[in-house]
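In order of appearance the chains are A, B, C and D, and numbering begins at 1 in each one.
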Amino acid sequence: MTASGTIRVFEHSIRIPYAHTDQMGMVYYANYFVYFEMARSEMLREAGIPYAELERRGVLLPVVEARCEYRKPARYDDLLLIRSRCTEIHGPRLHIEYEVSRNGDLIAEGHTEHVCMTPQGRVLKPVPEIRSLAGGIRQPVSK
Amino acid sequence: MTASGTIRVFEHSIRIPYAHTDQMGMVYYANYFVYFEMARSEMLREAGIPYAELERRGVLLPVVEARCEYRKPARYDDLLLIRSRCTEIHGPRLHIEYEVSRNGDLIAEGHTEHVCMTPQGRVLKPVPEIRSLAGGIRQPVSK
Amino acid sequence: MTASGTIRVFEHSIRIPYAHTDQMGMVYYANYFVYFEMARSEMLREAGIPYAELERRGVLLPVVEARCEYRKPARYDDLLLIRSRCTEIHGPRLHIEYEVSRNGDLIAEGHTEHVCMTPQGRVLKPVPEIRSLAGGIRQPVSK
Amino acid sequence: MTASGTIRVFEHSIRIPYAHTDQMGMVYYANYFVYFEMARSEMLREAGIPYAELERRGVLLPVVEARCEYRKPARYDDLLLIRSRCTEIHGPRLHIEYEVSRNGDLIAEGHTEHVCMTPQGRVLKPVPEIRSLAGGIRQPVSK
């Protein structure tokens, strides 16, 4: 398999609120999945198809899998950089990868997997703006 | 004004998750409003009209005002008791009061104010099950 | 009572994540208190005394009271403007007011009240950078 | 490798608050990691070593990896059952698995991985109460 284009990388910055810390003095682990969503949301906006607009067109992207590895603690008031890329599209499924860093230090990395569907649950092929994120439609190639 | 019945008091217990602590080592202040909601939800269930059922009937209770006073810090793993009462109903508005305590010690107290409305935003008189919470319909009385 | 200076107004913008919506399709009410905190945090940074720095100096600002009135629903992906002002300082207490708007429309307004204290719970007079927020030290004046 | 005992399974029930829904009308994906924490916390309490007590003894269990697969949507007011088991202990690392169900229907499943350490970051062997969760100390065996 190969792609006709290249995978685009998006960057989004997030300032950690006190709300997200816990009594260990670090960001509570579930919050990273909110940061992933915020980065994903900006990725879709920059790709020309804000998620709010997708929903209005009757396309949802529910999460079917999520994973995060925690490398170093993030702390209150840290300015984190989230780098996200849609690395793979298979039928209705999207695979998005995230790297969270602070001043070049890797804090966490992970991915989410989504299925394109209607509000009624019918699966859909991703719209062209989404396919362009992963470098276009993947084509089988002879080796 | 008086009411035909008495105001019922409801009790609900909540165990504090680590997620709700902050780096001061206490429960982050916004979480108390989630505890209020959990107590309110149980209050409606016990009154025979679970909120999920209300929504199915086309009745929403959006919050129009919320307030909390913090007396003592609550901490991770505390078992808090939330005591709630619907103290007043005026037309479509409900006033609900909450007391949060731990082993008899007052931790916080506050209220929320709600308006009964349809999903389209038309205001409604509260259903009888809700009116019964505040002791029935309030009647003007001569002194 | 009067103040030697003027009350400064601070502005901070927040993009609503999907995480903060609820099944009514609007921002869940408790999240506004997180927006208040984010605005407050930026206010302190702009005043030259980031909250993280205050904590390192041994000064905490726990919330003793919080209140919000909800005027219109905010929705996913809205860009909200939070305008905040520290309107009053009495001994160790600070009163901060917030207005949340979207394109000039008032969405919510509220306040928080804080007490300056050490981690050990001893109350403190606010540091000069905080007092400057409210226009300096309030002085009793003859009329 | 084998274990001297058997792996214990723990069960914990959680009622979904409105706070955890999103505008798709389901539980927002990050909240499952809070449910995992609540189940984990009860698991440690039942094993005789509440996490609050562990922290007082100077033992922390920060999460180094977390993963969840979402099978079916959970909704407001659902009563979810979380089944958790500590399936593996390797040196200072614990692997805990979770299954979330509603009336026997699988809603989600996932795991978290933790490292036992001091607040200063020195890794530790899990205390006996934790080791007992996974059926005791794992021993190399000849086949």
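The rule is simple: contacts are C-beta pairs under 8 Å (C-beta built on N, C-alpha and C of every residue); 3 or more make two chains touch, one makes a residue touch a chain.
Because the structure is a prediction, the values reported are computed rather than measured.
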{"item": "Contact-richer chain pair (by C-beta pairs counted) among A-B and B-C", "value": "B-C"}
{"item": "Most distant chain from chain C, judged by the mean position of its C-alpha atoms", "value": "D"}
{"item": "Whole-Å separation of chain centres (CA-atom averages), chain B against chain C", "value": "25"}
{"item": "Cα-centroid distance, chain B relative to chain D, in whole angstrom", "value": "31"}
{"item": "Intercentroid distance (Cα basis), chain B paired with chain A, Å", "value": "37"}
{"item": "Per-residue overlap in chain B, given as positions that touch at least 2 other chains", "value": "18-19, 24, 26, 30, 34, 37, 76"}
{"item": "Chain contact topology (line, ring, star, complete or other)", "value": "complete"}
{"item": "Contacting residues of chain D [partner chain B, same complex]", "value": "15, 17-19, 34, 37-38, 41, 50-52, 76-77"}
{"item": "Chain C - residues contacting chain D, complex", "value": "18-19, 21-26, 28, 30, 75-76"}
{"item": "Contacting residues of chain C [partner chain B, same complex]", "value": "24, 26, 29-31, 33-34, 37, 60, 62-70, 73, 112"}
